[in-house]
Amino acid sequence: MKQVVTFGEIMLRLSPPLHQRLSQAGSLDVTYGGGEANVAAALVHLGLPAAHVGCFPDNAVGEAAVQHFRSHGVDMSHCVFRGQRLGLYFLEVGAALRASRIVYDRYESAFAHLQPEWFAWDQILQNAQWLHWTGITPAVSASAAEAARQAIAAARRLGLTVSADVNYRRNLWQYGQRAQDVMPALVAGCDLVVCTEGDAEDLFGIRPEEGAENSFVSMSEQLMQRFPTIKQVIATRRQTQSASHERIKGIAYAEGRYHETDFFDINPVVDRIGGGDSFLSGFIYAQLSGRPLPDALGFATAASALKHTIAGDINLVSAAEVDHILAGNTFGRLLR
Amino acid sequence: MKQVVTFGEIMLRLSPPLHQRLSQAGSLDVTYGGGEANVAAALVHLGLPAAHVGCFPDNAVGEAAVQHFRSHGVDMSHCVFRGQRLGLYFLEVGAALRASRIVYDRYESAFAHLQPEWFAWDQILQNAQWLHWTGITPAVSASAAEAARQAIAAARRLGLTVSADVNYRRNLWQYGQRAQDVMPALVAGCDLVVCTEGDAEDLFGIRPEEGAENSFVSMSEQLMQRFPTIKQVIATRRQTQSASHERIKGIAYAEGRYHETDFFDINPVVDRIGGGDSFLSGFIYAQLSGRPLPDALGFATAASALKHTIAGDINLVSAAEVDHILAGNTFGRLLR
Amino acid sequence: MKQVVTFGEIMLRLSPPLHQRLSQAGSLDVTYGGGEANVAAALVHLGLPAAHVGCFPDNAVGEAAVQHFRSHGVDMSHCVFRGQRLGLYFLEVGAALRASRIVYDRYESAFAHLQPEWFAWDQILQNAQWLHWTGITPAVSASAAEAARQAIAAARRLGLTVSADVNYRRNLWQYGQRAQDVMPALVAGCDLVVCTEGDAEDLFGIRPEEGAENSFVSMSEQLMQRFPTIKQVIATRRQTQSASHERIKGIAYAEGRYHETDFFDINPVVDRIGGGDSFLSGFIYAQLSGRPLPDALGFATAASALKHTIAGDINLVSAAEVDHILAGNTFGRLLR
Amino acid sequence: MKQVVTFGEIMLRLSPPLHQRLSQAGSLDVTYGGGEANVAAALVHLGLPAAHVGCFPDNAVGEAAVQHFRSHGVDMSHCVFRGQRLGLYFLEVGAALRASRIVYDRYESAFAHLQPEWFAWDQILQNAQWLHWTGITPAVSASAAEAARQAIAAARRLGLTVSADVNYRRNLWQYGQRAQDVMPALVAGCDLVVCTEGDAEDLFGIRPEEGAENSFVSMSEQLMQRFPTIKQVIATRRQTQSASHERIKGIAYAEGRYHETDFFDINPVVDRIGGGDSFLSGFIYAQLSGRPLPDALGFATAASALKHTIAGDINLVSAAEVDHILAGNTFGRLLR
Amino acid sequence: MKQVVTFGEIMLRLSPPLHQRLSQAGSLDVTYGGGEANVAAALVHLGLPAAHVGCFPDNAVGEAAVQHFRSHGVDMSHCVFRGQRLGLYFLEVGAALRASRIVYDRYESAFAHLQPEWFAWDQILQNAQWLHWTGITPAVSASAAEAARQAIAAARRLGLTVSADVNYRRNLWQYGQRAQDVMPALVAGCDLVVCTEGDAEDLFGIRPEEGAENSFVSMSEQLMQRFPTIKQVIATRRQTQSASHERIKGIAYAEGRYHETDFFDINPVVDRIGGGDSFLSGFIYAQLSGRPLPDALGFATAASALKHTIAGDINLVSAAEVDHILAGNTFGRLLR
Amino acid sequence: MKQVVTFGEIMLRLSPPLHQRLSQAGSLDVTYGGGEANVAAALVHLGLPAAHVGCFPDNAVGEAAVQHFRSHGVDMSHCVFRGQRLGLYFLEVGAALRASRIVYDRYESAFAHLQPEWFAWDQILQNAQWLHWTGITPAVSASAAEAARQAIAAARRLGLTVSADVNYRRNLWQYGQRAQDVMPALVAGCDLVVCTEGDAEDLFGIRPEEGAENSFVSMSEQLMQRFPTIKQVIATRRQTQSASHERIKGIAYAEGRYHETDFFDINPVVDRIGGGDSFLSGFIYAQLSGRPLPDALGFATAASALKHTIAGDINLVSAAEVDHILAGNTFGRLLR
């Protein structure tokens, strides 16, 4: 089967254990993750071949990051080892009313300094059926944005499906260009996007029509008008009760119709990092498995709900486990 | 005071810490347990002398298992050290909507290969007042079933009370005989059984009468008719909210009357393995302490609720602690 | 800015990890705390200078306790190193319906054996604006009670504000004097007290008037009449759902008016030790920052709620983090 | 087989892991031990039945201590639960040239406050063949010394063998009597003592004769003359290279002859606490197994050497493992 | 570059941490390894592509084992998921004079129950240049021996180099055939063998000629005569000082000449499991890199020495790191 | 007493536990250190007041670093909180012949970006008697070099003693200036330097005279001639046996005389980071305590030897502990 290929930065994540604050920690739990690579790894666990493309420092830290994703079965053979450092972040895991908090330290990462010409996309994508990227990649540096542009162009040329999580983070855009100037050209190459009303307004100036019955539908329609290749817009709605208790549902707009799932209740949350990535990987898996959109949306949302119970960025669940949840087994009865 | 004696297999339990999946675990938490020995250990903590009878490989793993139960004050002097290996299982502890999951690896265990003649029951039981076994023992092998048969026969001969948790697990019966053929003769020697409607149907073909007001009562009456030595049938009802949130109550039928407790709410669940064993050990303790059945049922259920908050298989609580809960102190106020 | 000075015992706290019972623990988590020093440390984290005065054995354990508080920026330069041992306690952390349990081992501590003349209060307090003590100090020994008396006298002489958490614990008073005889003279030197109706009855024989609309108001009024220096009485109300789920609100009576906050919901509780200390430190901070009483009460309660999510005795939060909660951000949304 | 009975204090031992200093430790490793109980536990592992007699606070800490020794198969049924606290000590484990360091906190322990009449020695010893005590017990309190006196008297009356590790620790004797006044009457009831030249001089004023060829022989002869029941004097010689590297040999004097073993080299030392206790338990085991003195001395020394490689106070080795070392297998070849 | 392919069983390894005995362990460190797969993984770290072929239970344990080796970059795509359980063993890590000890529990493993026809060797080896197996594989079961035979036959047919570590372990051969009957036919297909004088005598009845100057040379010459395809015989000599201190050198016989390296001193040993596998993987790497035999032998021995300092079965070192040692940098100077 | 003030960068240090390689680590041990601040912290433990001056990002990581040194009693009140990130490094701890390895990630640290005008040296040093810096500070950035220059100038102006560890690390100098151009002007302000022959040649082109009897003396004499303020040159000699076994001695040249100590043997090494810093802090302490140079050199070397047995960067020992070693107690006898 052909691969799903993801492109983006992978970072070292360092977390104090057991809800400690950073100043209390005598050790930090280690994992590696990235919004794009997490999708690739989750897809492998669901049962699809996937490759991730990135750039790493040629040292023990970069090697450990690559090894981590290789252990999940992701094809890392197109990754480049050049540059000084792996971006990293510190995650304080909150509890109850205390929010989790991230301190980023991703300055001057190897990924931000990549050169677009290091990636021969036609070759990388020759065995692929799908390309996935996120709005974080073009935010990191001009060269990363250019590499994303070339990847998307190659994907379209080769007939791949292209998806994006537009994921606008204002603080990230610091290399001199504005998201509003960079993103449209990239989104213009997508078939499927994860996008909320907030993202649409911030990035594209698209606001739901006043009085629209369903703001998501209104936004999605405008987005599709602006970017005619887009066929599906999906997102999650969260009813965050506390740092320890989350409720999510999935929503989608496609072919003129709006879909939504019931809410899934997650209490306690074990790890909420990667919740969005698992939603998208579930959706990609379900679509490539030929499931109709409402089923795919349910599968994606159940997958994301499960992810919240798993430590680390990556959704370590099989398709059977997601289907088990979808079949209504959300009560955690012991499986022998 | 005379002992309660239990007979059954003890296994090594290996669990990834902190809700990890097995593939994430750099170490596995270790404990030892078994549905019968857990009852013996809990009884000692409640204040009654208890002995456990089993069979272990004569190596460091078998020795560690025995030492574990000896630390809880269980008399392990009747255990036999012969055979190749200790059965074991891997327990992934779920969270929220992700169920806990057990992977068994109990093939060819020392217990399964025991020879009935290794156990001189008349001598083992000479200082005992109660024998407890479960439906797991006869499921493991023909020789284990035969040993159970001999133990029950000796117990009756010596005038002991005999209890069983019938606990039907279809997957376990793999040595060529059917539970339906083996269990009746064993249950026929019991005074008290833990049995649900499902167990009764699977094992004895007993179905609650159509239109029965109370299916448990209907089942219990038929069971007592079939097996006249049985004087009490008890069970727990669970309202499992999630892998992290359990609600339980106790039910009983005896002397023509049905009893039930209120629900106990357990959120979060620390460890649900051994919940049933702690129910039964609480019931045995309360009966041997002369408490009337409704009180014994309440004690058993409170003990089981407490067990869900304690790591490992064994209910490490004193009778005073159970009574503290029974007195309505379920709100966890700090005890100084 | 002038210091807040606290006076009291610091103990070594030893806790089995992960809800284990003491007999299960292969290691014990270590921290150090005391009802007064916790206030000092929390104040430093909020942004005020604070000093703690105590007495420690001149050995590695005493040194470690002092170092712990020094790491939080507390001025420990007035502490005395004399005596045999540091008091300590074992804390079993409960879960759900199983209460947390403390086993004290504070006999013959260095603090209990302090000599009042070791503390030159006029010098210690010369750079201070506030003195805080609790009802635990005079309970420990006659000499500790006398030292507290001298500290309060010096504070009044120097014009400091004096606060106390009266905190009556019957079991502690074992050196031959009764709390009812010792406490009034000390409380008579206070401007602000934390005191519940139960404390007032036990210590001062004050009972809310029959039929009083608000028992706290009735008690406070009588208390202020008895001890005219007292201008403010504050307390928390707890709706303890379980060992894992707490609800708290703050109440206050001052200048003839009663105030209360909404309830804060804390689920799960990470560590409830020090919840009262964080309430008071929040209140002191807010008052010294010039916030009006209702705001100060809200700040104190939000600070205490946050404390329940933080491991250890000390409230490791900044004023900005408390204000973030006060502004309604109690849903734990991830902070990037 | 008849029991070996030991009498003495058991303490909680708290150690920073991995050579940390106390001020660095976020957790402390927990074990329980005592110079007499360690002998009992080691004997059980070697294959002899043993009981320990002591006094413990009736709380979770005392219970945990008893449970620890019960797990090793020691009969703890004669232990008394009365008093306030379990004595404890902090052990910083050194490395290389940094020595390990103990901070004691054994003031006012339950054991020190025991009453001699709590122990019915004739009954306790009725099933015993050997009584073992150490010089630490009479050092702790007058009542402990008296209880030891009664135990020894009963043992002699009943014809048991009595052994002692005289183990003089000056700092311990703080209750108003001098070791020199108390110990002789106790040692006068012994058949076998562990005693070095230093102990003999400090306790009994016995000095090797000037110019004696072998100071140990000279001391032993005088000791036997003074205390005619003593038939054997044994000790270890240490060539301590560093906190991580120990060399030991065993020496003995009996029936007019001196014996010594070769040195055993232990590098690295895993845990040197209990090294002497394991020597003595090895000797007792070997004697009761009928081995001649030189063999018993070798067995004792090899047992002690092995102990240095095992974490905790107790020598967790079988007799076969000691014999394996004695047969020359000191090179650590992997055993499959 | 073409792959090195290894064939053999992978087991779960469970070790008490920090030199604990099994009965002390509250958790067990987890890793996965096998004498053949360890070679494949080490080769990938050295820089060569490698694949491993094995058989695993289709459950979470089997999946974790495969994932472990995938993380090291080993091609696991030819592995089969059928059978009941993963073989496992418990490893107590000794220290100083206490030997490390293994308790095997590999009964009825998925690998032992493999069917030869599940492996299409011509296809598996089509992209390979080298096949490696060990004497453990044919010891496990008749079907594993047959699969090994077919693999070797295919390798020879396809012109691959074939190597074996003959590794005779008497206890393993329990399925009814004798090593002496099975091994010759397999060894007859090898170009390179690891074989000691002991192995040669046990397996092939080959004894060094009386009075031979060099017993290894004498044995090797006879071995080559018996099995003419064998061109090189290599082995390590160990001077085991203790469980913590190892000395090794490499020896080889080829083209009529004997070679040996100096001894490498390893003190302390971090983990000695896999020492032989790392020797062989170093040798294969060096040979495939075109190094002459004496250099290859040095490289292999230095690689093995380094392995002893690395936790787990697999030699996590690069070729540059081995060469750094070979260049004389054995003094552990800090690398910045 | 007046302070010793140090100026330099503090970094986060992340180490895999138990000799793991970075790719194996599921968690990383955390500490904070810097060649200058380590001197300040060690001095406080020895008994002298010390302050450290540095620059930290205004986030939780910077706060944790400052808190760490505050816990050791270092006055951190002159530190500045500005900039993006805390420099960090990964430390793989080797064993035996495998060297420890550092991967630096200190790019664009807050310290490197400091502005000299942020530090009012005359005020910072007004209560100081000694200023210490190292060659790492001017290597980091031009502004850090300028700040060091200003600090040294102020120190000389105020009559402080100035010391430096010249510590040349070629790789660090990457901001466009050469160490050879920058360092001389800074060293010209020093009274005491740690400098080896290699440093002297690399930094100042000073080579021992051909045929010099003692190369260190020859180098020192030339250094003093070039920089007339320098009165003492000191260094350590290492005989590194392996990553686990170190031997060190101290050497010094002053007032025309050469001094050296005996070698101290450290086996095993617990943590060698900070070995040089502890040497210098020992020397400063001894000098300020009025000890003559040979004694000071012995004290410094013994302090450094002890440091190798302590985890983390900082030498957590008292002066009494160093003197205990100096008195010949290097055999690690247990201290009770």
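Every chain is named by a letter (A, B, C, D, E and F) in the order it is written, and numbering of its residues begins at 1.
We take it that a residue touches a chain if its C-beta (ideal position, glycine included) is under 8 Å from a C-beta of that chain, and two chains touch if they have at least 3 such contacts.
Model, not experiment: these values are computed from the prediction.
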| item | value |
| --- | --- |
| Partner chains that chain C and chain E have in common | A, B, D, F |
| Matching chain pair for C-D (criterion: over half of the contact pairs shared, by residue number), options D-F, B-E or A-B | B-E |
| Furthest chain, CA centroid comparison against chain A | D |
| Chain F against chain D, contact positions shared by both copies (same if over half, else different) | different |
| Reference chain C; chain at largest CA-centroid distance | E |
| Whole-Å gap between the CA centroids of chain A and chain F | 45 |
| Euclidean distance of C-alpha centroids - chain A vs chain D, Å | 63 |
| Computed distance of Cα centres, chain D from chain B, in Å | 41 |
| Contacts with two or more other chains, residues of chain B listed in rising order | 21, 23, 26, 67, 101, 268 |
| Chain A to chain B touching residues, read off their complex | 264-270, 305-306, 308-312, 316, 325, 329-336 |
| Chain B partner contacts - residues on chain E that touch it in the complex | 14, 17, 21-23, 25-30, 59-61, 63-64, 67, 84-86, 90, 92, 101, 103, 105, 107-108 |
| Complex contact set, residues of chain C against chain B | 18-21, 23-24, 94-102, 104, 169, 171, 240-245, 268, 272 |
| Residue numbers on chain C that touch chain F, as the complex places them | 67-68, 70-73 |
